[in-house]
Each structure stands twice: as C-alpha cells, then as structure tokens.
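Here it is, the structure in full.
Letters A, B, C, D and E mark the chains in the order given here, with residues in each chain numbered from 1 onward.
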Amino acid sequence: MTVSYNLDVSSVSFFNFFRVLFRWRGSVWKSIWSELVIWLIFYYMVMVTYRFALNPEQREEVRKYIENLHENLDNCVPLTFMLAFFVTVIVDRWKNIFANIGFIENTALAIATLVRGTAPEVVLARRTIIRYLVLSQVLVFRDISLKVRRRFPNTDSIIKSGFLQEHEAIILDEVDCPYNKYWVPINWASAVLQKVFVEGKITAPPLFNAAWQEIKTFRSNMAILCNFDWVPIPLAYPQVIFVAVRFYFFMCLFTRQHLDMIDTRTIDYYFPILTVFQFIFFMGWMKVAEGLLNPLGEDDDDFECNFLIDKNISTGMAIVDATYDKFPEMKPDKFAE
Amino acid sequence: MTVSYNLDVSSVSFFNFFRVLFRWRGSVWKSIWSELVIWLIFYYMVMVTYRFALNPEQREEVRKYIENLHENLDNCVPLTFMLAFFVTVIVDRWKNIFANIGFIENTALAIATLVRGTAPEVVLARRTIIRYLVLSQVLVFRDISLKVRRRFPNTDSIIKSGFLQEHEAIILDEVDCPYNKYWVPINWASAVLQKVFVEGKITAPPLFNAAWQEIKTFRSNMAILCNFDWVPIPLAYPQVIFVAVRFYFFMCLFTRQHLDMIDTRTIDYYFPILTVFQFIFFMGWMKVAEGLLNPLGEDDDDFECNFLIDKNISTGMAIVDATYDKFPEMKPDKFAE
Amino acid sequence: MTVSYNLDVSSVSFFNFFRVLFRWRGSVWKSIWSELVIWLIFYYMVMVTYRFALNPEQREEVRKYIENLHENLDNCVPLTFMLAFFVTVIVDRWKNIFANIGFIENTALAIATLVRGTAPEVVLARRTIIRYLVLSQVLVFRDISLKVRRRFPNTDSIIKSGFLQEHEAIILDEVDCPYNKYWVPINWASAVLQKVFVEGKITAPPLFNAAWQEIKTFRSNMAILCNFDWVPIPLAYPQVIFVAVRFYFFMCLFTRQHLDMIDTRTIDYYFPILTVFQFIFFMGWMKVAEGLLNPLGEDDDDFECNFLIDKNISTGMAIVDATYDKFPEMKPDKFAE
Amino acid sequence: MTVSYNLDVSSVSFFNFFRVLFRWRGSVWKSIWSELVIWLIFYYMVMVTYRFALNPEQREEVRKYIENLHENLDNCVPLTFMLAFFVTVIVDRWKNIFANIGFIENTALAIATLVRGTAPEVVLARRTIIRYLVLSQVLVFRDISLKVRRRFPNTDSIIKSGFLQEHEAIILDEVDCPYNKYWVPINWASAVLQKVFVEGKITAPPLFNAAWQEIKTFRSNMAILCNFDWVPIPLAYPQVIFVAVRFYFFMCLFTRQHLDMIDTRTIDYYFPILTVFQFIFFMGWMKVAEGLLNPLGEDDDDFECNFLIDKNISTGMAIVDATYDKFPEMKPDKFAE
Amino acid sequence: MTVSYNLDVSSVSFFNFFRVLFRWRGSVWKSIWSELVIWLIFYYMVMVTYRFALNPEQREEVRKYIENLHENLDNCVPLTFMLAFFVTVIVDRWKNIFANIGFIENTALAIATLVRGTAPEVVLARRTIIRYLVLSQVLVFRDISLKVRRRFPNTDSIIKSGFLQEHEAIILDEVDCPYNKYWVPINWASAVLQKVFVEGKITAPPLFNAAWQEIKTFRSNMAILCNFDWVPIPLAYPQVIFVAVRFYFFMCLFTRQHLDMIDTRTIDYYFPILTVFQFIFFMGWMKVAEGLLNPLGEDDDDFECNFLIDKNISTGMAIVDATYDKFPEMKPDKFAE
C-alpha cells in the first residue's frame, strides 16, 4: 500500500517535520532496523574478539591491518555518487510505471458519452467493454505483481471474481498465441465497440474513432507495463550499487572499531554513533532505491494494484451504467450576477 | 500564495540582487529564522554548560569526545549530495503538479466556439458545463489542499458558494461509488454536451469530439492531481534527507563549539558565524525541498488554489456567456501598407 | 537581444575558442566586470587597513581570526554543488519558456490553407484573426516583459501601433473579468473563425476544427507564459544560492589576504590572481543563472520579445494575405531522371 | 537476451538482496571477471618484479616514482564524475531506443477493428499489412543488430522465413533508391490499406486515417531506430571515459603495490583487497555503460530482437485473422448488484 | 560526417574496447592532439627557463610562487563540476536538434497515400510538394550550416541543383517579408495540396487534414531548427567553462613543473605523464561539449546536412512517384498454418 503523508507536510514547520519523522509504515526506520541490528551484532562480535580474544601483540597487528583499510576505504568506494545517480535513474523509471498503471476513467467516460442508448443490450455492451479492459489489466498485473498473482492464482479465481466468465475463459484459452494474451480482452472490447457502431449506437465515425482511441490508450498503458517488466534496468547496475553499499558497511565492521585500548573515553568506545547514523542514511537511501526498483511488489510503498483493479471496475461500471445520462436539471447559476 | 519576484530580476544587476535578497514573504529568512533561533539557544546552552558547569578535567574529556566527532562528521553525512539530488526530484514533481493544476480557458473557448446559440437554454448549458468542471476541481482540491478544505468544509458550503446546487448535491450523494467522486460532475458535463449535440447546437461530430476532448483533458488534469496525492514520493526518501540535515546540525551544536578556553580571541569564541551561515544555506535549501514537497499546502510559495477556482469560474463564465460571439466589427488594419 | 555565436563554434578549433572568448555583448566579462572591480576595491581597502592601519600585535590577532575562517569556509559553503544544481533547474525552465514564446507561422499557415477565398471580407477575416493573436501576445508580453511594457505603456500606444483598433479597445475594456484579459482577442479570433465557417469559407467541420486547434495552441503558449510568470521558482531557492555566492566572496575579502608580512614575494602579495579567477568562474556561473531566471527581461541574452511581435505580425500577414494561394506554376523537376 | 529479476526484488529484504547478488547471466561478475583476472596477473607480475628482480637501491628509486604517482592519480582522473554523468546520458539513450523498438499490437488492433470483412481477400489484406510491417522491422533490425543479421544473412533467408515472398523480393530489389529501403514495405502496406478503403472495407475516411496513423507510428519507430544508429553519441565521449577508466587501473598496477618490504603484515602485502573491490565497482559501472551503449548488440542484457520479430508476426496475425471479430456472447456480469 | 561505431560495441569485450579506442576520425585523439602539442611546447619552454635561465636564488623564489599556486588551484577551479553539468545541458540540446532535423518519409508517405491519381498533373503535384519541403529545408540549412551554405552559396546554385526553378526564384524573391522566408515554399506546398483537394484528388476533408498535418510537422521541425539557431545557450555559459579549462591548464604549465632540482629521478622530471593524461581527459571532455555545441557545423561528428538533403529528395520522390501505388500481388503467407 502506498503511504500518504501529504497532510503532514502541507506547510513547512518544525512540528510537521516530526510528524513525518515518526511514522513507521513505509518509513526508513522500518526498512533498515533489522539490518542495523544484524550489523550491530557483528560489530560487537568483532569488538569483543578484538578486545578479549587477542593478546596485545595480535591486537597491534590487527590494528595495523585495519588502519590501512580505514585510510583507503572511502577513496575506493564512491558510495555517495553511485547511490545518487542510481536513485535518479530508478525514480525516473518509477514515475513512468506509475504514469502507465492504467486508470479507467477516461475510457469509461468516452464509452458513456459516445455509445448511446439505454436498451439492455447497449448497457450490457458498455459494461462488457469496461469489464474486458479491467480483465486485461488483471491479466497483466498477475504477471508483474505478486500481490495480484496471490489474489488470482489461477483462471478459476478470476472467473469467481467476475472479471471473466466461463464461456469467455474457454475462448481465451483457445486463442493460439504462444505469447502474452493480455490483448485478447482488448480485442473483444474493440469488437464489441465495432458491433455497437455498426448497430448505430455510435452516431458517427469520428466518435467511434474517439472511443476506440481511448481503448487503445488503455491497452498501450498495459503494454508499457509489460515492457518495463520484460526489460528491467540491466542487472549489473543494481548489483554494483547494492554490493558497494554492503561491502562498505562490511568493512566498517572493522575500520570503525575503536582500536586504541587505552583511550577508553572517546565517544565511540562503546557505541559507534556516527557510523550508526551513516548506516541509517546510506542504507536508507539505498532502501529507497530498492523499494522503487520494483514498484509493483510488496513493500509498504508499492502501488496498490488490487485496490486499483477494484476501483477501476467499480468506477467504470458507475460511469457507463449507474450514472449514464443522469444529469441534474439545469437551473440558472449564481455566477450570473 | 505564490510569491512573484520576476520584475526584480528582469535584468542582472547588483541592485536587483538586493531587491531579491531583502524580501520577506516566501523568503529563506522567513522559513528558517525560528529554527535558527532555537538552534542558537541550544548552542549557547551547550556553550555555557561547557565553560561554566564543567571543571577543567571534565572539559578535557568532553573536548576529546567532541573533537573525535568533529573529525568524522562531514565524512559520515553526505549532506550536499543528498540535498542536491532530492531537490531535483522534488522540483520535477512540483513542475508536474503545476502543469496539471487545471486551467479552464481551453475548455471554455472550445465550448464557446463549438456549442452555438444564444437561446437561454443553450447559454445555460454552456454555463453549466463550465460550472461542473470547476465543481470537479473544487472536489479534488478539497481532498488535496487544506486551504480549499477550509473554504469548503462541507457540501453546504459548496452549495452556498454556488458551485453546486441543492438538487445536484442530492444526485451527487446518491451516486453509489465507494471511491473518489470527483468524476461525477465531469460525467454531467459530458451528458450536457451530448444533449446539446443531439439537439443540433454542435453542428458536426468532429466538433462534438473536439469539445469533448477538452473536457477530457481537464478531467485528466484533475486525475493526475489525485494520483500525485495518492502516490507521494516514498516516505523513506524525505525521511532520510530531513533526518540527515537535522542530525548534522544537532551534532554541530557540539562540534562547532569553541573548545579551547585559552585562545579566547578567535572569531567564533562568542558567535559561530560560519556555522550560522552554513545553517542558513543548508536549512534554506532543505526548506525549499520541504516547501515544494506539497505545493498545494499552506506555505507562502504554495499554489493559490482558491484563487484559481475563482479565476476559473469567472473567466470560464465570461468566455462562454458574457463575451460569447461578441467580436468587434472587422475593419482594415494598418499593417496592409 | 539574444546573442548569436553559432558560426564561431561551427567547428572545434583553437581559434574558434578565442572568437567565442573575446566577445563582449552577453559575455561573462560584461556581466561581472563591475562587481569584480567593486570587490577588488574592497579587497585593497582591507589590505591597506591590515598592512598599514594595524600595529603588529593587532595584525597577529586579526590574522588568527582570518586563518580560522579560511580553514572552514569551503566546508561550510558548498558553492559548486548549489550552483550546479540550481543552474540545471533554471536552464530547464528557460527552455520551457522559449518553447512557448509563441510563433505565428503554424496558425497562419492553417488559416491560409483552410479559410478559402479572395473576397475582401474573407481576406480581412484572415488578417483579423492573425492580428488578434498577435494582440493577445502583446497583452501577455506587456505583463511579463519590461521591454514590451516600455514599448506599449498604455492602451493608446497599442492602438497607435495598429494591433488594436479604437472600437476594439472599447469592447476589450467592457469585458467584465477581474483577471487577465489576454484571452479576449483569442475569443474574438475564434468567433471570426466560427463566422467564416458558417459562411462556408471553411469547407468541412474537420478543417474548421484543425484551424481552431492551431488558435488554441497559440493561446496555450500564451497561457503557459502567464503561468510561468505567476508561479516562479520559489523565492527561497535563488535567495539561498545568491546569498551563498556573495557571502563566500565577502569572506574571501579577508581569507584570501596575504597575511604574512615578511614573505612579501609570493604571488598573491600584490594581486590575488587565483581568487580573481575563482571570482570570474563562480560569479560568471551565477550570472548565467541570474540571466536565465527571467529570460523575458532586459539582459543581452534575453528573448527579444519586441522583435518577435513584429516578426509575427509581418510574417503572419504575409502568409494569410500577400502570399495567399500564390504558388508558382508547376513544371517538371530535374529529379525525375 | 534481457535478464529479468523483477520477482527477486518484489520486496525489499536482505535475502532478496542475495538473490539478486548471486545471479550470473547479465551480472556484473560475468562482465568483469576476465578483465579482473588479467589485471591481477599483471599486478602479480609487477609485484614479483619489484620484490625479486630489483636490488634494494633500484627498489628505492622505483618506490619514489610510484609514490609520486600515487599521490596525484586520484586528483588527475575524476573517474566518479565522468562515469556518473556518462551513464546518465547512456541510460537516457537506451530508454529511447527501447521505447521505439516497435510493437505491432496497436497497429494490428487498428487494422482488425477498422478493416472489416471475413472474405478471403480482406483477411489476406489484413495479414499482408501486418507482414509488411514486420518485414520492415526485419530490414531495419538487420542493419542495426548483429543477431538479426546472423539470422537473416541475405534476402533468401528472409524469403525462406516467410516474411518476404519471391515476387515481392523482385519488386523490392527494383526500387531505385540509393538509401535505406526499409520504407518500401511500409509503402506497400499503405497501398494495401488504401486499396481496401477504396473497396469499402473501411467505412469512413476518419477510420482510414486512424488506421493509417498507426502504420505511420510503427514506421516512425523504425525511422528513429535507424537514426539512433546513424548518429551515435559522439565517439570522443565514450573514448574519454573508457580510456580514463583503463588508464586509472593501469596506474593502479603500480600505485597500489605494497612497496614497503619490511612491513610485510599489512593486509595488502599479498592481496590488494580494496583495489580489487574498487576495480569491481568502477569496471562494473563502466560495463553497464558499455552494455547500454549498443542495446541491440549481443550482450546478455541486450534487447531480444529476434524474439520480438517472432512475437510481432505471431501476435499480429492472431489479432487480424485468428481472433478477428470473435468475441464471447455478452452476458450480464456480476458487478451489477 | 557522423562517425558510426555501433558494430564495434555490439558486445562488451576487451577487444571491442580497443577497436573503439584506436579510431581516428571523430576521436578524442584527433580533437586534442594539436592543443596537447602546443601545451607541451610551452611546458618545456617553462621547464628550460626554470632549469637553465634562472640562478638558484631566482629559482627558489619562483618555486615559492608556484607552490603557492599549486596548493590553491584545484580548490579555485571546480573543473569537473562545471564540465559535467555543462555537457549535460549541451547533450540535451544536441538531442533536440537531431530530433528536429527533418526527415521527409512521414510526409511523403502521407502524400502518396492520401493524394490519389496517376495522371501527370497529380504526379507532378505530389513531386512538387516534396520538392518544396526539401527546398524549405535547404533554405533553413543554408542559414545554420556552413557546409550547406558552401554547397548553395547563392540562389543560382539552388536553381542549378534543381530544388528551385527559375520562375519560382522570382516569386520567392518578390515575397515582401523582412524576415526569414523559409516558410514560403511550405506555403506553396500547402497551396498545391489545397488545389489537389479541391480537384478531388484527396477524397475527404479528414484526409486532407491528415496530409496537411504532416506538412505542418515538417515545417515545425524547420522552425525549431531556426529557433535553436536564433537563441543559443547564453554566451556566458560556454565562456565560463571554456575559460576555466584553459586557465586551469595554463596554470598547470607552472604548477606541474618538477621544481626540485636535486631529486631528478621522480617520474615527472622529464615528462609530466599524469598531467598529460589529465589534459587528455579534461580537454577531451570539453571538446565533446564544444563539438556538440553547434552540431550543424563542420566537425567529424556533426550531422551530415548535405547528405540528408539528398536522401530526403531521393527518398521522397521514390515514395510519391516511382513506387506510388505499386505493391506486390497479395498471396497467402506462410504464417497461416
């Protein structure tokens, strides 16, 4: 589920800042606490080993190793740069996916406005077109979102939910195409539209074209989602980033140890406070990237595909049937002084 | 209210710089002064404690702690990078929201040009379509802008303002859809358009289509606003940034203290001038980001939604009614030598 | 006036570099020389004070102050980062403004191609539509460009220039709309177009629609210009940047002094050459940003709005009247071997 | 073949990270292991030479050389910056190429919806249009993708595959145009579309136009692919980047040697662990750029052009023939409570 | 001429790297070698002066000067940042220019598909429209590309080449417009299109509109090219960048000298290898920017405008005449199993 916090930031103030800060769902705290705990456990294991398991001579040697690492680490792992640019690429992709997630309203308004008539078969045609579009969305979402897949594990579950009917499932199954079949319901919707056009329910070719363009736009959205799924960011890019961050903090297990056994009073003798905050900032930043990498997944912040499907079918049906041609009597308004 | 300063920067000069500098509304000074004061209070509290509450031995220890922090702080908190890239993402989003805020002029011009007639019922139809579009905008803005919500706290207030009429409110209420209903007035507008088309006030299908496309564009704008509200930047991203900045300046309370009690004459013995300016630059930069994060909020720089609603209804009505088909007698112009 | 230098850079060579370098109009030299001179005056004033007004003891103290500042200055003012990202945002905005500045050619070609006839009243209708569009541009430019405002300080000056006629000015004045009225001439143009359509000068609805779309596009350009003027980059952003740059170089007045009175031979004893170049680069970079911030202003590089208005009316009239339907006799071409 | 890993990142967790990490195909490991091995071989050759082939005096001199290099290397080669910005440019280009790779669905749906009839010659016309479009894609892909070139080394192989027929090959060959001929089959498709329009299979001009626009869009995609191939990123840009990275790591062969013969216990006496990781991060990042530079090539991550051709012909034919006008009987749906 | 190297990078491998590396045309080597040689000459002149013309005392002084410079240079000239962001702006502009360079295919296909008939006068009309569009391109290119200007130094040369005919030249000359006249041939093309529409060669208004839209798109491309030429990147921006790079390497002439006369064995005593490579990377990077700044110029990498003109006229004529309505007999294809 997406996590909304807009009201918390409606104006810039110190308290709004805290309201944003102390949210848990979708927060940076939630996404990193477990790894931070693990990291701290390892950190203290290294600390205990260093302080109690080694004799002074060994300590001296280990210290030398580590100081050598410490000096060169930041130079060798350009973390900030890599993360900053990677996040930019990922955010751009995330925006594009969201822009093509598929909202039914435009298509439904077109169908309602352009396919005229209240006879049962026309109403049914309008409803069916909407259903077919959402069905297509269900088919696509099943391939790219685990949550939707879990809701519709098989064809039966889609039939049960009402998006597909049994005789339709058979026809869908019979389509002989070894590739993705999400376009089949779009095809049906086009054919239904063509049928009502021939029957005169759409009064002119330009209007038929307008309605069809809306169906096409919806399909293009679905196709773009499939394509984003087909061609992800080249694997090596996230690999490089993710390994770099983890490698850096793995090395920090050693390089951020307080190695001087005598000077026991400096602040990081017991707790590496700066490193912990650095961990929060860099891991948090990377978690943002990880979370956005597959925005149709199961994170708190991922798009709510199931919600969208329900909203689309409900709103779509309301537009093409329940509220069809129902508009209030026109009365003079107040603005004409 | 947005803050305009274009005339002040119409040419590059030293004085224009000062004119921009010393504005208060929407300025960086206004957005940070309170936090700067709070920070300074804490800074002096730490200073007083360090100088007067500690004995020399404790001071020495504390000094060690702090110097250790000071050395590593900048390395651990990559503030510049994080802010720079975050602001870029936020500015992009802000631009998109503004581009879809919903201006009525195109739709109104289309309605006025394509729906013909001066009979009262045609005029009323044109006015009603405009009113429905702005009504839809009111419904959307109420959900995403606190200011508009405050102006229209309930349906009654919308009725009183004239955007909605009582019998319309009842129909709107009866629409059975558990989701956002901002599309209902758009639906009404489409139906009215369809009605005048059937009655022959729009003379050809392509023109009906052109008018309807404008209504659709306006609706798409509203839908995009809703979507930006539905799916914000993932919470963890601003959290990481905002915490990093605050954490950094919290640490500065200590690391920027003048710790050497003997050398009392260096410039920061009494006032941390550089740190104060650093505070201004970084906090100011972050405030820009905070302010842009929800541009429909209540900051000085946020979009003036209420103004836009009034402008839309006023301009829209002027276009479709008051100035309908009124154009000056055509006379030869001067440019034909 | 924009400054063109494309021919100077048509190929990459050392001499082309110099040709670009030594131009004055719109150059970095022109934009910064005055501030550089002022800065140098202050610099030498500080220098003289330090060297001659202070006794050695005071000098020592001041020296301590300044060295402390010097050490921390670069760390506290992340100039490069702030400028780089700010310039990116500004360049993007500048591009968008230019893309919507409003060229008449497409609309004029549409009007000439689609509104048919050589009868005087049709010719006048075509001319009038063009004039109304440019008039709308004049109205918009007056609000956002000081240069255009100076050319057309009041309605009379617009009437004198021929863009507006007296009886039109009266009607424009009578329009009851408390907001920007730049859309009124667009409204007139639409009405004229509608009139010639009804009179059969445009032969089919799709062609009427095509012509009207062009008028709409021109109006959308004007609306976008108004919006960019209405909602600038939030004030705090340029403030932070401009203050940071000035603050940095103010501090440099002190920190870049040659403080060692004995070692009189190092290069900056008499002239701070590196700092002067740094001043040129950073101030020059910032001046680019300042110049682009309001591209409709009065800098050398700003868009030539008055030129554009003249070009639009002249080209537009040539297209819809002088060259209307005049095309050469068609003869076989050479390319058919 | 593109490498898909979306399911592995559907939620952010520690284990998902490892799943992404340990993939081989398309991974950073696969792309750099060979160069890393070569680098290590040279590294140890330098090491052995230094430690055993030189006498202490020579070693001292060499050491001096190298330490001098070491100090200045990072300053002289701004690797991170160059790579970060170059990757940004390349990723943008890669996205554009993918967006124009050419999917047949929209065109096929348009042809199926707008060209009506089940008579054999109409079906054949629809099939032929689809085949011509994919044929055009084959011609373009042969020029820009080595894999497709290998599949279709000559015209005969295209004929054998069925995309082209023998009498068509002759006509294609006879076209007298010294430039790329990929547009010829598009021309044929347009002519076929025109023919069925004249025969009344498309019922109205707006619908003919709609169908033709889809053919045009497909052609524009192909043209953009050709243009990206015609005008690559200027050669000097990748050269600078690629040389910089290789030069840097060539220098590291020397500068990262452990030169102190006495202190044999520091961590890099036997294995330059940090440098190896730095190699992985920077080379990996550069390999991402190299891989994206020509996304139609033969890397693991490159677009699967042959797959796309097969999918297009198969899906296209299914849409315009097999499933033409076949839609399920409409029955009331469940959503009407 | 653009330099193509796609085949060299079709897969990522070590040898492909070398193939890209050792190309000369359009390479970084070609663009910087002359300046590198000049720089080295000056470098050795400074070296010789320092080592042989000065006495030890002077040397010591000079050394002091230079070391002072050396310490502060990198801090004062943020070369990497400035170049990186400037190149980003320039690459974006370069992409936009290329996207609007004007390809005739879409327009030609529209004319061929929509203007029907094989009568000589219809064929001539189609040919003439294409010729006029390319003529417009020639007029625009003459203004913005030195190469095209050289090919068409005057109107006579255009007439000789066949793009313009003598009687057309006279009419073009008579057009009374003090501004750019590239739109006149577009006007002619529109008028010819209008003529054939009136004569019934285009069968319906929507198709006439479709054809006209393509002509308009071609004109818009030309207009955008003119605008990019009219309003370049503000001069001060490239000036700042170009001066910064040159100033930096001018200073390096001194600061990178080996100043220590005793320690004659460090690597840069005779040859400043790191500085040379730094020169290559930074100058190479800047040359990329210089080359892209005016992509219609005469560099190896610049767009081949003359080639494009020839390709456009040749392909355009082939589409509207030679291959008009010639499509192969339709036969059943192999894909119908």
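Points worth noting:
Note that a residue touches a chain if its C-beta (ideal position, glycine included) is under 8 Å from a C-beta of that chain, and two chains touch if they have at least 3 such contacts.
Everything numeric here is computed off the predicted structure, so don't read it as measured data.
In this structure chain D contacts its sequence twin chain E using mostly different residue numbers, the overlap staying below half. Separating the CA-averaged centres of chain C and chain E is a span of 24 Å. Our note on geometry: chain A versus chain E, Cα centroid distance of 39 Å, whole angstroms.
Residues of chain B in contact with at least two other chains: 31, 81, 84, 88, 205-206, 287, 291, 314. Starting from chain A and moving next to chain B, the ring of contacting chains follows the order A, B, C, E, D.
Residues of chain C touching chain B in their complex: 31, 34-35, 38, 61, 64-65, 68-69, 72-73, 75-78, 81-82, 84-85, 88-89, 121, 124-125, 127-128, 131, 144-146, 161-162, 165, 167-168, 171, 175-179, 183-184, 186-188, 190-195, 205-206, 208-209, 212-213, 216, 219-220, 223, 227, 229-232, 234-240, 242-244, 246-247, 287, 290-291, 293-294, 296-299, 302, 313-314, 317, 321. Residues 2-7, 9-12, 14, 16-17, 20-21, 23, 25-29, 31, 74, 79-81, 84, 87-88, 91, 98, 103, 105-106, 109-110, 112-113, 116, 203-207, 210, 263, 265-268, 274-275, 277-278, 280-281, 284-285, 287-288, 291-292, 301, 303, 311, 314-315, 318-319, 322-323, 325-336 of chain C are the ones that touch chain E when the two sit in their complex.
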